[in-house]
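In what follows, subunit A forms one complex with subunit B and a second complex with subunit C.
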Partner chain A sequence: MSRKLIAVTACATGVAHTYMAEKALIQQAKKMGVLIKVETQGATGIGNRLNAKDCQIGEAVIFATDTKVRDSDRFEGKKILQVNVSDPIKNAQKVIEDALALADQN
Partner chain B sequence: MNWKKLGKELEQHVMTGISYMIPIVIAGAVLMAISRVGASFYGINNIWDAQWAKSANAVIQFLHTDDGWGGTALGLMFPIISAYIAYSVADKGGIAPGIIGGTLVASMNAGFLGALASGLIAGYTVKFLVAHIHLPEAAKSVLPVFIVPVVGSFITLFLIQYVIGVPFAGINTGLAAWLKGMTGTNRVLLAAIIGGMVGFDLGGPVNKAAVTTAMALLTSGVYDPNTAAQVAIIIPPLGLGLATMINKRKFSPELQEAGNASLVMGLIGVSEGAIPFAIESPLKVIPANMIGSALGSAIAVGLGAVNRAPISGFYGWFAVEKWWIYIFAILVGTLTVTALTLLFRKNVTVTTEETATTTEDADATYFSEDQWEN
Partner chain C sequence: MTVAAIVQPNLVKFNVVGQDRQAIIKQLATLYLQEGVIGDVDEYIAAVNEREQEGTTGVGGGIAIPHGKADTVTRSAVAIAKLAQPVEWQALDDQPVEYVFLLAIPNDGDNEHLKLLSELAGTLMDDDVRAKLQAATSSQDLEQIFEK
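Let's turn to the complex of A and B:
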């Protein structure tokens, strides 16, 4: 069974980095054989909204955000890896590995 | 208390506030720019003056009104940033004390720092109230509908009025006066330093420190740092993108691909487009970026271009005062980055096997819903 992660990306302006981080995470996860769903909280609203089921399935949550995560109560009780929105753009592999390591911790 | 964690938390609150303030500043600044550029065609350089409200020319009259609209929008800057910092700290309950505190900050002229303080005070006050006041079940709703807005606002307003307001107003006017009073070499030097900082780490901490400071000063009516920063933001991605087009042999296929993206990102004002280059060979790319950005910023500010909006993308260029100088400065900076990059780099031996894998699209649906759920 594949590993599963969920992520939220958000940047201050909400037009570019949010989506670059999304793309970087998805590309890298695909390369690593990890399934990932990424929600984008951009200037035009929330994209690919994670529903309750997604939140339950994801082993850990990556917050690649420079701003407050909207509706963060959905992730209550989850293991959360908080990084800057630029981190996955620079090194998505490390972010995903860190998230998987976090999910393995007890 | 973990200081690093606290710093990170505060940064996130402030960035949230800025993120909600940006559209307001852009709306206000561009509305004003339209009225001022429009007025300049009639030879008017004080369109905000009340005399134009009664102008016989309907267009001039409208331009005066439009300038007022811009002012209305900009007047909301401090209330909004304060409200959303508080929101970031304490959720919905923070907004009312935050917006009220921010309005007091605006009327006391306590500036950007005052607005930051107001948002944090409002947010943490509300957070404290919610965490520490425990009411019996039957009276629970008194907390969010009465205690939080009233007590939260009272404490925030009290602290701003009697503690931080006056000293912060002093700092604000002092700093603004000092920077506005800068002339000649110092002004150009300041612009060059800001440009170099922005070009240094492309969206990293140094860049963010420079851009955030520039934005803060913008709200106090000091425009040079913002002009410098906005010019510098787009020079690295444009310069590196251009370099890949001029001489493909010096770049691997991945970087050629990144170069196209970099050009587009540069045009819309995102310096991170240059990151792939900075990662690949930092010692060649970072100096080129810093020199190009510093030069562009120094030229723009030194020759008197003024960008009043926090917009670096091309769609903001024509709202800049003396936009021809501004574009010239971007051009010089960009060509400098391009030239230095091409000078520093050697030809790469092209490996053709990699080309196929790089263009793959990011596709959110590389797995099925079934795989996800099982």
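Let's turn to the complex of A and C:
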């Protein structure tokens, strides 16, 4: 069965890096055979909003954010990997591996 | 609307000459002034530099996506430049930058155009798009990358 992650991306201006980090995570997850859903919190609002079911299914949450995550109470009790929005752009594989490792911790 | 709708031929330049990051930003900002995208070069550049100081906009693969959000910006736009010589940008992969996508973001921009800028930024992560950037030999080639 595929591993499942969820993520939120957000940057200060909310126009460029948020969406580059999203694409980087999606492309890398696909290469690794990991299922991922990425919510973008940008200047134009929230994209691909993570619903209650998504939050339940995700083994861990990646916050690739340089700003405060909106509606973060959805992720209460989840294992959260906090990184900078530029980290997935730089090395998405490491971010995903770290999130999977976090999910595997007891 | 598609990404192509925000790529204007007048704002796409091939073999731009500039010795460093600031020289390139200044040139593209001047281009914005000529095209009526901004009203004040200094105010716009100050906003771009403020963003640069928060963290590099050199995202790897020889690409930088500096951006300035300011009152002086009259409409959402992107200026695309292939540089004649790569310049240092403290990029995430420590490589010099050869392709610059300078975004102009109004403080009260409509969502539709902002979304196109975001979409364009996202496409820059595609291996396919990066390969096409490398293969481009003219400003027309650069424009065509985003016509899909």
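Here are some notes:
Keep in mind that, in the parts below, the second predicted complex is superposed on the first by the 106 of 106 C-alpha atoms of A that agree within 3 Å, B and C clash if a C-alpha of one lies under 4 Å from a C-alpha of the other, contacts with A are read in each partner's own complex, and residues count from 1 in each chain.
In the analysis below, contacts are C-beta pairs under 8 Å (C-beta built on N, C-alpha and C of every residue); 3 or more make two chains touch, one makes a residue touch a chain.
Every value quoted in this text rests on a predicted model; they were computed, and no experiment measured them.
When the shared chain is aligned, no partner comes close enough to touch A:I46: not subunit B, not subunit C.
Legend: residue contacts after superposition of the two complexes on their common chain; A:M20 is shown touching both subunit B and subunit C. Judged by the touch definition given at the top, the superposed model places A:L102 against neither subunit B nor subunit C. With both structures placed on the common chain, the touch criterion links A:C55 to neither subunit B nor subunit C. Once chain A of one complex is fitted onto chain A of the other, the partner contacts of A:T67 are limited to subunit B, with no touch recorded for subunit C. By the touch criterion stated above, A:I89 is placed in contact with subunit B and with subunit C alike. Set against each other, subunit B and subunit C touch different numbers of residues in subunit A, with B touching more. Touch criterion not met for A:I80: it reaches neither subunit B nor subunit C. The intersection of subunit A residues touching subunit B with those touching subunit C, taken from the two complexes, comprises 12-13, 15-17, 20, 22-23, 27, 43, 66, 86, 89-90. If you check the complex, the residues on subunit B that touch subunit A are 8, 11-13, 15-16, 18-19, 22-23, 87-88, 203-204, 265, 268, 270, 272, 275, 279, 360, 362-364, 366-367, 371-374. Contact residues of subunit C toward subunit A in the complex are 51, 54-57, 59-60, 65, 67, 69, 92-93, 103, 105, 111, 114-115, 117-119, 121-127.
Those residues of subunit A lying in contact with subunit C across their complex are 12-13, 15-20, 22-24, 27, 40, 42-45, 66, 84, 86, 89-90. The touching residues of subunit A, counted against subunit B in their complex, run 1-2, 4, 11-17, 20, 22-23, 26-27, 30, 35, 37-38, 43, 48, 53-54, 57, 65-68, 82, 86, 89-90.
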